[in-house]
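Listed after this line are the structures, all set down as structure tokens.
Both of the next two complexes hold chain A, though its partner changes from chain B to chain C.
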Partner chain A sequence: MKFLTTNFVRCPISKCDNSLKAFPLQYKNCELIQEELEFNPEFLANILDRLNWEAIIAVAGDLGNDSLPPTKPENVDPKDPENEQLLKDLHTLLIETQITEGEMHCGECGHIYYIKSSIPNFLLPPHLV
Partner chain B sequence: MNSHSEEEQRMISVEDPALREQIYVHTVYNEIAPHFSHTRYKQWPIVEEFLKSRTLGSIGLDVGCGNGKYLGANKNVYIIGSDRSDQLVNLAYTNNSKIQSFSDTLVADGLKLPHFGNSFDFVISIAVIHHFSTPERRIEAIKHIISKLNVGGEALIYVWALEQQNSRRGWKEGMPQDILVPWVLQKNKKKKNRNDEDQEGTQEEEPETKMRYYHLYKKGELEENAEAAGAEVVRNGYERDNWWAVIKRK
Partner chain C sequence: MGNKYLLYLAKAHLDFRRAELESLADLYNLKVDLSNLSEDSPFVIVEIENDDLAAKWISRSILCRGVYEYWGETTEDWGQLHESVKQNSRSKWEKYAKTSFKFDFIGYQGSRNQKSQVEVIEQFSYLPFTGPIRMKKPDVVFTVIEQFIENTETSTRKFFGREVGLSEREKGVLDKFDLRKRRYVGTTSFEAELSLVTVNVAQTNVGKIMYDPFVGTGSFLVTGAHFGALTIGSDIDMKPLMGKKKNTIQANFKQYGTSLNFLDTCTMDFTHNAFRKDFIIDTICCDPPYGVREGLKVLGTSRPEHFVGKENIEIDGIKAFLRKDYVPTKKAYSLGNMLDDLLDFAAKRLPIDGRLVFWMPVANDEDYTTSIPHHEKLELKYNCVQKFNKWSRRMLCYVKRDDGYEGQTIRAGEVIKNEFRNRYFSGFNEASLD
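And then the complex of A and B:
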């Protein structure tokens, strides 16, 4: 599971739909790897706008990284060489960092979803469907 | 071919549609996953074109991604693929790691996707909705898909057609639409004809037959389902024994 995906998943249980505590999920007991992938600065600059930065900071914190800027970088021009390092750092964090094993806890209902062999599983037991 | 077989009667008599899908869809896909995956490697042109025409930085979903053959179609977009079959998701993950695809994979139910609504630029759902075993669940699945789209976002849906008189299956108007389709699992995993997308195996070494449930869509039915789900049909058509439609939220 790539770090970027943590910004786009939440608890699928209906009663958690409108809860502010159901997102982001809380990441616990996680193992990480870095997997090298092609650097695409234009893509990163384009998706920055829509990222929920508070959720990025929260998940990074869960995974032991407290070094992110507190506010989201704005108007990042991917062609400006001054932004190269920033975009490379984002690439390393969002695209190349993978959670291989771990738990995702819903802050609202407490349900735990598991990540095994890099694949998160969001299937619900029958009584919660 | 014009009436239901005994096994189809048994399938229809399973009252709970979720249980019916568990027996005749999910369990079967987990059993046939590796063999099935070998026969699903070509991208269908309309799907490929849809993905390639998404703009840089788009973020989308592939609901029912199977072995993940579309996840790497466009390196300028990020696709989160999900499937109900963990065995197929394993294959999707492995296949896409190999090609450095800009995507991710997860296991989820198509009626309970772990995503916010109103958040994605596009969704594809290729050969998936026809596995839901009641009209209500098929409409619900489409409703769930479009709920994830941004305003202006588009979803591409493919379903198997009843009208495929030119295929070797020969189904046509007037035949039963809720059917079981055999998948012949070869014990020795040999495949002679990799070009036939739905090749059901060769005749060697006591093959095992698995039956998958399908609802075959008749002309106009996909569009009716989409409208019942609150979607607007942007464009639609017929390709390779399938009905397809690009839809968006009204």
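And then the complex of A and C:
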């Protein structure tokens, strides 16, 4: 599971639908790897628009990274060399950092989802569907 | 008024031609009149502003082979072709007087031997081209395209034009995505050609997010990624997502050089979706489960009385359902309900003009029109059929419309049961699914 994906998933249990605590999930006991991937500044600048920045900060914190800027970098021009370091850092974090095993806890209902062999699993037991 | 161009189409999936070409034109904001497009002819003449727009449009196509600036045509003999060329293209000759060039021959349903090609080329000596002839990388290629009566050497239609652009098909994309050459495939993998057409009709593109909610082995993800989309998938079954040892969905992306375009696959029941509600999904492409090679299941149980109180069972002091090795129960669901859920999801999540493209099997003797679901905010834009012996599958393309749009809602849950599976196994099991 790429770090980036943590920004898109929440607790799927319907009673958590309207809770602010069901996103992002809380990441615990995670094993991480870095997989080297080609750096593409345009690609990253484009993704930046889609991110919920508070959630990025929260999950980075769960995984032990407290060095992100507190507010989302806006209008990042991928061609401007001044942005290169920022985009490279984001590339390393969002794209190259992957969770291979770990837990995702819902802050609302407490349900635990697992990441197994890099694949997050959101299946639910019968009493929660 | 634009310039006149000839499109030369492949003899494949005729019912999908218009959907693909219109969708790509729309994607690139190209206004083009395709009213002359027909299933009966591999040729269509269109007007486009300039070469660049024409080439860009066709470059992504799977069902078109190439686009040529129109210089002339005939249904008669060579003499008539030359008359037509002189009449239609004289003003263009000057421009190519000194450039390097070559002649190319294309035969539809037949071909012309080399000796005879040379004879034809010699007849074009009235063209005032003095540039060098170059077989490799010439600046301009002039192409003679002929339509032959099948299995004969008689050509019934001849075109002459200047090559402006070739399509993905001509550049070998079908071979590249051929399932036999793909590292990881499964019984549910979708064939290369139509999975490429699917993502073209869905207008997946660079910088867009594409989602396949029934991802299986990821056939639509790799073709969507080929055209630049960031792709994500989910499936209720973890097995296809895991792959077989080193053969995985990720390995396929690596094979195609698009690893950056793969986001993730998640194990989830589409009907209990974990994507946050404000995550924008630009396009959805899928082949929903219809119960032939894979179960159509959702989470839950058909015998709830069996599970009363089971949520309290503990193993080693931990609630069983919270353990990593817990395997949830599933129950059967109907295809109709699943399609309704898919349309509801698309109507909520797609941006205006975003597209949902999915496949639906129907028996040939069934009246399919009654089984096509509709949603009031989704316009059914295309409905293309691929016919097999006793069954067909339809590719349905819906476009999300804005609040002002007032379509009709027809729930599939009421009309489609799991009919298809039953019929598949009882009536027409000799039909090929591939």
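Quick note on the criterion: the second predicted complex is superposed on the first by the 129 of 129 C-alpha atoms of A that agree within 3 Å, B and C clash if a C-alpha of one lies under 4 Å from a C-alpha of the other, contacts with A are read in each partner's own complex, and residues count from 1 in each chain.
By our rule, contacts are C-beta pairs under 8 Å (C-beta built on N, C-alpha and C of every residue); 3 or more make two chains touch, one makes a residue touch a chain.
Everything numeric here is computed off the predicted structure, so don't read it as measured data.
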Which superposed partner A:46 touches (first chain B, second chain C, both, neither): both
First, second, both or neither for A:112, with chain B first and chain C second: second
First (chain B), second (chain C), both or neither touched by A:125: second
Touched partner set for A:10, first chain B, second chain C, both or neither: both
Partner chain(s) touched by A:20 [first = chain B, second = chain C, both, neither]: neither
Residues of chain A contacting chain B in one complex and chain C in the other: 1-2, 4-5, 8-13, 23, 37-38, 40, 42-43, 46-47, 50, 95, 117, 119-124, 129
Residues of chain B that touch chain A when the two form their complex: 18, 56-57, 59, 75-78, 80, 82, 84, 86, 89-90, 93, 97, 100, 102, 104-109, 112-116, 119-120
Chain A residues touching chain C - in the complex, by the definition given at the top: 1-2, 4-5, 8-14, 17, 23, 37-38, 40, 42-43, 46-47, 50, 52, 95, 111-112, 114, 116-117, 119-129
List of chain C residues in touch with chain A within their complex: 207, 209, 230, 232, 236, 238, 241-242, 259-260, 263-269, 272-280, 298-301, 304, 307, 310-311, 321-322, 324, 326, 328-329
Chain B-touching residues of chain A, taken from the complex the two chains share: 1-2, 4-5, 8-13, 23, 35, 37-38, 40, 42-43, 45-47, 50, 95, 113, 117-124, 129
